[in-house]
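You will see chain A twice below: alongside chain B first, and alongside chain C after that.
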Partner chain A sequence: MSWIRDDAGAAMVTTLVLAPLLLVVLAGVLQLGALRVAAARVRAAADLATLVAVNDQDDAELARSGTLRLAADAGDVAREYFARELELSAPLLERSATEIAAGADVAAYASAPAIDTRTGARYDRPTLRLVAEVPVRTPVFGALILRPVTVLHVVALSSPR
Partner chain B sequence: MRRRTALLTSVLLFVCWSPALGREPDDDRRIDTPPPPVPDVGPAPYIAPPPEIYYVTDTYVADVVTANGPLTTYSTTTVHESTGSYARVLETVGTGVPSVYDGRAFNGRRALADGRLVAGTYYENYVRTDAGFEAVSIVFFQDDAELARLEAARPSNVPGPQATPARTAGPVASPCCAATRPVAPVRPAPTAAPARPIRPGISLLPAGASLAGLEVLRGRQVALWPRAFVDDREVAVSSWTVIRGEAGDALTLTGAGGVPFRTAWRRLAPPDSAFELVFRIEVDTPETGPRAALVAITVVVRSPALVE
Partner chain C sequence: MPLLFSVLEFGTALERWLAQDAATVQAARYAGEVGGDAPQVRAFLAEELRAAGIAPDRVSVEIVPSRVGWREPIRVSLTSAYPVTIPFLFSTSVPLRSSAISRGELNR
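Up next is the complex of A and B:
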């Protein structure tokens, strides 16, 4: 048992102890990075969807009063574009992009001022608000006895300013 | 060994822990962040108008011709309001005296029944721009009167010049021969009907509502229709011109009545401000005669943006 007392033995034991630990930490960091990328993509998808919807205005109201007002289908436009943008991140998603977009809470406040019934926020301009829960696969977290699916909560607001 | 490894793993995870989503959008709303400091730009610098140019407080509305018995009065109605424009006196002319500004005023200069031009004053209108005071139009304020007589009262029985009283004066005696010739009863001279004020307007549709202000999205093409009304009845616009303001990407700043002003704005106005467009709208119908009016519309250019 002398080999265990020399330096070579100590290095082997240290490696055996720390290597799995380092691998676990590395995997967790990679998964965390992937989750952050997914969160950024989801947020960008929501932001873009609301911007596109706000860019669609009610032309009849504009001719009548000269003021901008969201189109009647602004909410549908936002939901459609949200699904389209989420499609680009489909491999990361636990559910289909269409299902996620369909479950999103989209509220179009066509004229201002308005009070958001969900958040209580006051909007001084026509505003479109999108709130969604987006389940993202996190297999490494699952292997570490954590959640295999992480739900991202995203909120996007847009208005003409 | 496994317990120790698990313990070390737990310790490392606890030490290296960080939230997957550190930013919670709802939390952002609850934070009372102070508003960004507004730079104190101070009041806009005052630019004194050049000599002889004064700030307009009474705006031209219409030329008025009224007949009261034998007396026909040529006057100008104004409204006490300020459109932000300036003016200066160009020339005051007497009855029948020609002026170098004849034909240059947008409202023209009338003639008396005998063909002589009415007396009055020419004014030049100015607007203040970044480059200074810019002349935009000339207007004639008529101020005259004439006394009509029966043609039969004239010795030669030939239509001739009728007596013209002094401006703003009441009925006066004939300048000559009144004592030696019998004076026949006078009758009103035929005069044009009093001109009714023209109400200009701008709309987004050929038959849409007139707008004083307009919100447009950046880069979105819009068509603005200059229109004119007399007694709430629309009259045909003969031509229009954008005389002031940020016209955006417009290809032309003038057009005929049936053509709208098409443009798009690719940049936003400075914060808390808007573009103001001033149109000069000209009408020339048998009902109105050649007339012109100015109308302004405020344009707020907006762009879709995220809200925090």
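Up next is the complex of A and C:
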């Protein structure tokens, strides 16, 4: 056992102890990065879905009174496009994009002013609000901290101008 | 040393992926606004990519369909390759793919 007391032995023991630890840190950092990309994509999906939905106006109301009012199908359009956007990141998701979009809380406040029944916020313009819980696969976190799925909470608001 | 470089290389790759994703979303919105694959969309995309430190000529862009009608979906997809080099271990190229869908806003 004299090898354990010389420098080479000490270096080997240090490497054997530190290498697995550093590998775990590396895996955790990569998973955190992937989660950040997933979060950015989910946020962009919600933003784009609500933007697309409010870009279409109630033409009859606009012609009649000159005021902006959301189209009658704005909520359905937001949900449809949220599903389409999420579908592009399907491998990252724990559930199907359609299921996640179907479970989203989408509220269309076609005319202003309005009070959000969920958040209590007051809207001075017609507003479309989307709130969703998006479960994302995090297999490395599953192995390290028993959390194979991380749920991202996303809120998006859009108003026409 | 390879572990340290792995963290740095993958961190840079993720940062570039996020920038490419953001540019794709903006381009999809713009493509919906102008009605499809117009030169100004390509120019806007090139500018956004350049601002993020990505060479536009190394990114493949697909806009489908090339002309979009009112309320029709339009998809913008970007693909690029990010070279990853980990000293003493390996060199490879990681494909970065970004897509976004918007809706045609031009009522022709």
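In this text, the second predicted complex is superposed on the first by the 159 of 161 C-alpha atoms of A that agree within 3 Å, B and C clash if a C-alpha of one lies under 4 Å from a C-alpha of the other, contacts with A are read in each partner's own complex, and residues count from 1 in each chain.
Methods note: a residue touches a chain if its C-beta (ideal position, glycine included) is under 8 Å from a C-beta of that chain, and two chains touch if they have at least 3 such contacts.
From a predicted model like this one, the values you see are computed outputs, not experimental measurements.
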Fit or clash - chain C, chain B, common chain A: fit
Touching partner for A:T14 - first (chain B), second (chain C), both, neither: neither
Partner chain(s) touched by A:T117 [first = chain B, second = chain C, both, neither]: neither
Which of chain B and chain C A:T67 touches, first, second, both or neither: first
Touching partner for A:G33 - first (chain B), second (chain C), both, neither: second
Touched chain A residues, chain B compared with chain C: B
Touching partner for A:A156 - first (chain B), second (chain C), both, neither: first
Chain B versus chain C as contact partner of A:V24, first or second or both or neither: first
Touching partner for A:S96 - first (chain B), second (chain C), both, neither: neither
Which of chain B and chain C A:N55 touches, first, second, both or neither: both
Smallest separation of CA atoms, chain C relative to chain B, angstrom: 7
Doubly contacted residues of chain A, that is, touched by chain B and again by chain C: 25, 36, 47, 51, 55
Touching residues on chain A, where the partner in the complex is chain C: 22-23, 25-26, 29-30, 33-34, 36-37, 40-41, 44, 47-48, 51-52, 55-56, 77, 81, 84-85, 88
In the complex, chain C residues that touch chain A: 3, 6-7, 10-11, 14, 17-18, 21-22, 25, 28-29, 32, 71, 73, 99-103, 105
In the complex, chain A residues that touch chain B: 17, 20-21, 24-25, 28, 32, 35-36, 39, 47, 50-51, 54-55, 57, 62-68, 119, 121, 123, 125, 127, 150, 152-161
Sites on chain B touched by chain A in the complex: 1, 4-5, 8-9, 12-13, 16, 18, 20-21, 24-26, 29, 203-205, 208-209, 211-217, 302-308
